[in-house]
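Given below, in the form of structure tokens, are the structures.
In the two assemblies presented below, subunit A is common to both, partnered first by subunit B and then by subunit C.
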Partner chain A sequence: MDYRDLNLTGSSSPHIRTKDGTGHIMGEVMLAMVPALGFAVYNFGWRALVNTAVSILACCGFEWLYRAAMKKNNTVPDLSAAVTGMLIAFVCPVTIPYWILIIGDCFAIVIVKQLFGGIGKNFLNPALAARAFMLSWAGAMTNWVCPRASVPIWGAVDAATAATPMSYLHANNLAGLTETYSLGDMFVGVIGGSMGEVSALCLLLGGLFLLYRKVITWCIPVSYIGTVAVLTFIFPRGNDPVTWMLYNLLGGGLMLGAFFMATDYVTSPVSKRGQAIFGVGCGLITVFIRYFGSYNEGVCYAILLMNLTVWLIDRNVKPSRFGVTKAAKSKEKEAAAK
Partner chain B sequence: MNFGKQLKEGLLTQNPVLVQLLGMCSTLAITTSISNGIGMGVAVIIILTLSNIFISLLRKIIPNQVRIAAFIVVIAGFVTMVDLLLQAYFQDLAESLGVFIPLIVVNCIILGRAESFASKNGVLASAVDGVCQGLGYTAVLLVMSAIREFLGSGALAGIQIFPAEYGANMLVLPVGGFLVLGCLIALMQWALNKSGKGGK
Partner chain C sequence: MAQAFFGGIHPNDMKAATNKKPIEKLPPPARVVIPMSMHIGAPCKPCVKKGDQVTVGQMVGEAAAFVSAPVHASISGTVVAVEPRIHFNGLPVMSVVIENDFNDTPCPEAVPPENPDSLTVEQLTDIVRKSGIVGMGGATFPTSVKISSGLGKVDTVIINGSECEPYITSDHRYMLEYPEEIIGGVKLLAKIFGVDKVHIAVEANKQNAADLLRLKVEEEKAPAVVDVLHCRYPQGAEKQLCQSITGRQVPPGGLPAAIGCAVFNVVTTAAIYRAVYLGKPVTHRVVTVSGSGVNEPKNLLCPIGTPIRELLDACGGVKKETFKIMMGGPMMGHVQYDMEAPIGKGTNAILAFAGDEERTEEYPACIRCGKCVSVCPMHLQPVFMYQYERAGKLEELEKANVLDCIECGACTYICPGRLHLVQTFRTGKQKIMNARAAAKAAAEAAAKAAEAK
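Then we have the complex of A and B:
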């Protein structure tokens, strides 16, 4: 019997496929950020939601515009621009004027991402690069309102401002910080700060969801947060290393950075060992900036700086090929030397 | 002698900054305002043209082994003249350009043109080459300083167009220099590749 009579489909392997695509993964990342967004709305009012919507729309808009203008395929449906937009809104204060937000979106999508070739080709995390650029308007980017303040969606913001935990930590004022914000507040997120980074609880939930769904691996978050924990525990400022460490872990953008930004596929190393090095590097630089820098918070620059080293890490930390033993390797070397 | 070709090379296809990637240091540092850009550009045109003429004249006398040192002596002489003239007649400009006028001595564009053009070509061609390459440099300075001044502080040539607090002051800072220069180089390469004249 000729096999052509059978109703078979001829194709090369792999034969079992999942429906996972970039859009699917990015959708799960966005889903994982929803709890933090919900808490931002609870903490800062509906403006948090409007900011996020504006930022997502602007990012998708710029992505579509650039791709259309350059006559390239439309990459809006892969949702990577939407994730960038969401993250940009998350790392800004809730009071950020919409025009600054839109300029930041434009910078992230056009300059950082598309000029280098679009998704998969950018060497910096677009959202963090945009945040660094948006610090041009330093006043607007550091206008921290009190937790549970009511911020109007449109018009002048006259809500009371408050020092964030990071500024207390930067001033070595642990006593003042524990008086103002309890550890519980820090964990749940009833504190001042960037819109999406306040709630360690919600971000942890999102991060665990991503780990459970295998969107991210544990290497980068654990090595990053672990490094910060060890360093702040060994070198506390004050007499209470545990409290100092916990406030350092829960304050600022550490949770958001470690779970959602340092784990960006495009700008993090490929191998597990590389990812661990990357995470430790992020942790070191974060603590250095917090301790010795003039900024209160170092997560943004730490991740950006380590983004720049990814090619170096990837080049030097190659996993060994299957079946290649040490003996075979040294033989190969000898042969090459001859 | 082909003035049109040399001009086109200086401005576009062999632009000293955007294609040869020479003279980046001063380009990054002084392009914070248009007046700086024009001042620096004119200074470089004058020095480049004069040094090209003299090196072309001396090209048969200078021994090959010490040519770089000889070029530097010629260039340094003209730079000193321009520096003193600026300090005498344009004090504000001299102050805002600061150390970057004396640093023209080691500007790669001038030494590069001396080495690659003036020491091999006649006086007239070298003079034209100096003007054209200088114009290319000045054009880049003008574009860069216009972008940085306008977007960074909301002004053009000192005239306020929109309030300064809306400007992205990052662009006036050193990081903005790298950013704008990178974008301009990318744009230039894209345009050259598109017109089929890329240096591949």
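Then we have the complex of A and C:
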């Protein structure tokens, strides 16, 4: 056989690569959010699904539009824009007008992500930055309907609204909260709140799937949730630290934040030790805002603030150099002393 | 067993294609091309000329320096050329071309010493040197140099049978089919270094080889213990293997001897036995021919210097979709363009790919996932090293310890953004070395100028 007929390519090693590319990983993240989406549909009706679809399409559209306008390669297939779109829908109330949602998508993709160079270059989590920006429409962003309310897909929303668990906690009204929502309701998610944040159970399932598939490591979720748990247990408001702690863990955006937002690759440290520090920082700021802030939820701002410290953590948390063990270091010191 | 090294990856080992196939003898090739450089160190000087008759095991290239290893004829016949020929490094290298007379006449000088059991360490080292033995796992460092530079420092001798690269089964088959040679070599190494327990390290996907070696160690009462290690690439890298067995880390820029370790590949160990007890220099080796492009994967015993073409032909040729042919494993092997290039002493595999193994992207993009950091067995941070190199920040790159990189490719394998990480570090290392050389030359020139004044 004549091997000169083959169309051979050349490159330096390695010659094999894992199957799990960026698009694959982002696809798994979206898959992990499907249970929470399903529960949102159960809790708030089909509008939850429409919101998510609109947001994903808008994000992909803005991504494609910007890349095409700037004559850059199309990055829609890596699915990172789709994940951002899904997350933005998740952190909004189900009643959010579509136009506000689309403006938020545009802000996330164009301003937060693409203007800094696209995937991997943004220093803030696009979905959370968009949420912070969308709070300019404070009324629309805090219009919490009751669980199991029927929200029309189109037209005026006149469903009954209710206080979220976070507002009870912010008002130090643990007794009122336990009367309104049982711990079981909190865990399963039959409560008011942002459409994708309500079900701790579904989010935990998704988070465990991501851990199992090694998409995320345990460092950030455990250190984040752990820090919130410890702080709320040590400094309870009321005389039942365990109940106070559990309501704090299950309420608000903590589960979504800890498993899906703080673990965003681009805006978290690269090393495991760095990720643990990052998670503890998120936990501290979250509790601080919940206790002392004028706004009743701190997850979004906590993660955004910690995003800003990632460069600092990465610069200072480095693995020990191979071959420079403690024993070798002390030997060196001895030699220097001599 | 055993401490673990940090990081590493778990690629599909793909060894099932050949790990049950016994070693086959390659049909004798019509001619072989024996390069004068198949090792780390100075190239050999040809010591035969065109028209000479040579025999199997006759020296055709003599070592020109201390760090070098002589080369020997792998077939008998006539020298038809002594000239630069295409080498598996892609460049022409001085080679001795031998036309086969198909008699396989053994070299009359290649006879064992009379009393191999009573040789001194110096005599043993000398035999290893004269037999042209180099690290046959692929690194090809002259074994005699490793022995003489390790004497007196080494307290742990490790026999490397981990064969952690996917596809390759040549060491595995060798352990299964020639365990006596390996145990014989183990005894010699124990004697040379004066240790009473040699570690034989085998990865868990070769359990049958580990069991067999254990049995032989018991039967022969050899001073050895078989350690079964987790399957994790790069388990067989010298520094990582030392860490797995002893828990010690080789200091930056150092050799295993610095922490009292010496690592020898299983086939190298067998070659030491063959040299001392059979008087045979390194003339043949087992090569795995495998990969999705190969029609009939095999383990072949080949004369060194056989063109790659002959090996592929013996395996039924390759599929026409084949887009890449390489020598060595898929993680650290070298791409081959010209199938006339010969196999060398360190060639453990010839692979041909015709599937979707490569998975490159036209526009690689880092997503800062940190997977490269979590797999780097040298505790490096590839994500930042990549940025430094691309930005031309050589000082930062050097501070990030890029020179510690062993180029195992784990970071590149795992990268979901499909960055060319290790390729970039090779370039960066070269740039740093060039800058150092330039600075040194400038300093010397300045010193000379000052002297002249």
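The rule we apply is simple: the second predicted complex is superposed on the first by the 311 of 338 C-alpha atoms of A that agree within 3 Å, B and C clash if a C-alpha of one lies under 4 Å from a C-alpha of the other, contacts with A are read in each partner's own complex, and residues count from 1 in each chain.
What we mean here is this: a residue touches a chain if its C-beta (ideal position, glycine included) is under 8 Å from a C-beta of that chain, and two chains touch if they have at least 3 such contacts.
Keep in mind that this is a model prediction, so the values were computed, not measured.
S.K.: Regarding the shared-chain residue A:15, is it in contact with subunit B (first), subunit C (second), both, or neither?
M.R.: second
S.K.: When the two structures are laid over each other on chain A, which of subunit B and subunit C touches more residues of subunit A?
M.R.: C
S.K.: Counting only touches as set out at the top, which of subunit B and subunit C does A:283 meet: first, second, both, neither?
M.R.: Once the two structures are laid over each other on A, A:283 reaches no partner at all.
S.K.: With the two complexes superposed on chain A, say which partner A:257 touches: subunit B (first), subunit C (second), both, or neither.
M.R.: Neither partner.
S.K.: Identify the partner contact of A:266: answer first if only subunit B is touched, second if only subunit C is, both if each is, neither if none is.
M.R.: second
S.K.: A:118 in the overlay: touching subunit B, subunit C, both, or neither? Say first, second, both or neither.
M.R.: second
S.K.: According to the stated criteria, A:319 is in contact with first (subunit B), second (subunit C), both, or neither; which is it?
M.R.: A:319: touches subunit C, not subunit B.
S.K.: Indicate the residue numbers of subunit A shared between its subunit B interface and its subunit C interface, in ascending order.
M.R.: Subunit A residues touching both partners: none found.
S.K.: Touching residues of subunit B toward subunit A in the complex: what are they?
M.R.: So the residues of subunit B touching subunit A come out as 165, 167-171, 179, 183, 186.
S.K.: Can you tell me which positions in subunit C touch subunit A when the two form their complex?
M.R.: Subunit C reaches subunit A through residues 6, 9, 11, 166, 239, 249-252, 254, 309, 312-313, 317-318, 320, 322-326, 328, 330-335, 337, 339, 351, 353, 357-363, 365-370, 373-374, 377-381, 383-384, 401, 404, 407, 409, 412-418, 422-423, 426.
S.K.: Give the list of subunit A residues in touch with subunit B in this complex.
M.R.: Those in contact with subunit B are residues 103, 111, 115, 133, 135-137.
S.K.: Please give the residue numbers of subunit A that touch subunit C in the complex, ascending.
M.R.: 1, 3-22, 24-25, 73, 75, 78, 80, 118-120, 217, 265-272, 275, 314, 318-325, 328
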